[in-house]
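First the structure, which I've put down as structure tokens, then a few questions once you've had a look.
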Amino acid sequence: LNDSTSTDAGRAIPRLEDFPHRTTITMRLGDHDHQNHVNNVVYGVYFESSRVLFMRETLAGYDWGTTGFVVARLEINFVRELHWPGDVIAVCGVERLGSKSVTYSQAVFHEGVCAAHGRTTMVLIDRTTRKSTALADPMIARFKTRMVRSGA
Amino acid sequence: LNDSTSTDAGRAIPRLEDFPHRTTITMRLGDHDHQNHVNNVVYGVYFESSRVLFMRETLAGYDWGTTGFVVARLEINFVRELHWPGDVIAVCGVERLGSKSVTYSQAVFHEGVCAAHGRTTMVLIDRTTRKSTALADPMIARFKTRMVRSGA
Amino acid sequence: LNDSTSTDAGRAIPRLEDFPHRTTITMRLGDHDHQNHVNNVVYGVYFESSRVLFMRETLAGYDWGTTGFVVARLEINFVRELHWPGDVIAVCGVERLGSKSVTYSQAVFHEGVCAAHGRTTMVLIDRTTRKSTALADPMIARFKTRMVRSGA
Amino acid sequence: LNDSTSTDAGRAIPRLEDFPHRTTITMRLGDHDHQNHVNNVVYGVYFESSRVLFMRETLAGYDWGTTGFVVARLEINFVRELHWPGDVIAVCGVERLGSKSVTYSQAVFHEGVCAAHGRTTMVLIDRTTRKSTALADPMIARFKTRMVRSGA
């Protein structure tokens, strides 16, 4: 659906095999909106389950101290309409590491075809002060093992 | 919350008065997630109500024929956490016109402060074929009267 | 919409003035479902905001210790369809007090007409053990000041 | 969680094998609320997918004319808390047939245990006039083949 005016128009549609993690999610009738297709924000709900499962695996046993991640930026490019019933596969990998943030590459596939792809930037914060804080080296090391393949 | 690694980090935070349309939305306890703040995708729900009200006003009485808009791209930058109870003001204006698409600048304010801002690109499609189609001149003329002010 | 076969068919439709508490909630386009009206579970979302505001007011300053309420039963009777845009008024009052639970009478009004009414039973639990526990006398005393008027 | 004060307290908890239809639904992190468990209304979302799949199967090829069902009443009894990640099994069967309505018995199971059970009454309406209308004999005949087993 992307027009040439979109800021991200030149971005290639990612492939399922480029991502280090995948999870299957059942669509629900309640995902449909007044246009009788899956509503745009529901793709963000799929992204969230995928991303948090990915983080739990990647950082299993990691000592968080008082820190945690919050979403700082979300981008979704919608490629295909989705309709219940059926399943989607949501995928996730690390695209970029900042000093205080991580950007995930995320996508949703349906019947082998990419229905949407995007990025989520999460900033590490101190959960008490709610201020951003630096990623520790052990966390960075773990993230580096789970990068999305170039081009995705 | 935006870190310097965010792709949109240099973007100025918009001001309420830069937008030609605003609407008030009550937050709901159900907007909260497991982190006990308004979930990231709920900002997209606020955007949707705001954008569609804006479109209805801007295109009131317009002859759509068999065409309609679908969301092609959504970007949200999260600036502040939100907590129920209370209201937000959601604002919208046209940021850019493509040959087959329109990009809206959107934001959510709470107590006078910007909590999130972003863009939504919508592509005009033929509702039967689901293929993109050109914006007609009368539609473009209307959109041009409701641009967001530069800098927003 | 209630047919004579409904278990609650004989129940009178409540009046706005029978309830000790009311709150206004903006409907959202995202409340619509594939049938292009407000989805049935969204009335439950309205109930939740209304009920928790009511509880906060009624029990303001109350010492909860380690206890809290969880929803044990929800009933909603749907009387009228709702369509965005617009506001609803959600109302709440205490209908019945049990030894370990409270049952609220709840309703949603739109343009002065009841769109849905129902009940929510909440059970007090110990938040650590997740087991039900008795309502303390001071809590009961507060609830008794905020009963729904008979007939509602 | 049901206390003896609940109106439905005497109702037996249904068994998975009593229902003629079952479907598996992935929970989502977004199903969690501020209490960090699956929110009460989300069980209603599970019910909806289950019920509509059941109806589609039971009435496959049925000539609806201008009629359709709307929800007239929803009851949910919450038995156990649910937490993402994981799947639930949602089940459905016909409990009672009225002249203009059908009441479904519905439940949600997690790891073989009932997490919630309830009923949904749907009224047949003429989609143009939005008035209730009688169930036709062929529809009734189909529903009678898919009753929930007594006791459920």
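General remarks:
By written order: A, B, C and D. Residues from 1 in each chain.
Criterion: contacts are C-beta pairs under 8 Å (C-beta built on N, C-alpha and C of every residue); 3 or more make two chains touch, one makes a residue touch a chain.
For clarity, every value in this text was computed on a predicted model and none was experimentally measured.
Shared contact partners of chain A and chain B, listed by label, are C, D. When the C-beta contacts at A-D and at B-D are tallied, the pair with the greater total is A-D. Averaging C-alpha coordinates per chain and comparing to chain C, the farthest chain turns out to be A. Both copies, chain A and chain C, contribute mostly matching positions to the interface they share, with over half of the numbers common to the two. Matching CA atoms, the turn from chain C to chain D amounts to 180°, rounded to the nearest 5. The distance from the centre of chain C to the centre of chain D, with each centre set as the mean of the Cα atoms, comes to 21 Å. With centres set at the average Cα position, the gap from chain B to chain D is 36 Å.
Rounded to whole angstrom units, the spacing between the C-alpha centres of chain A and chain D is 32. Along chain A, residues 29-30, 39, 41, 45, 48 each make contact with two or more other chains.
For chain D in complex with chain C, the residues that touch the partner chain are 1-8, 35, 39-42, 44-45, 48, 68, 70-78, 81, 96-101, 103, 119, 121, 123, 125, 130, 132. Residues of chain C touching chain B in their complex: 24-26, 28-30, 45-46, 48-49, 52-53, 84-85, 87.
Residues of chain D that touch chain B in their complex: 29-30, 32-34, 36, 39, 41.
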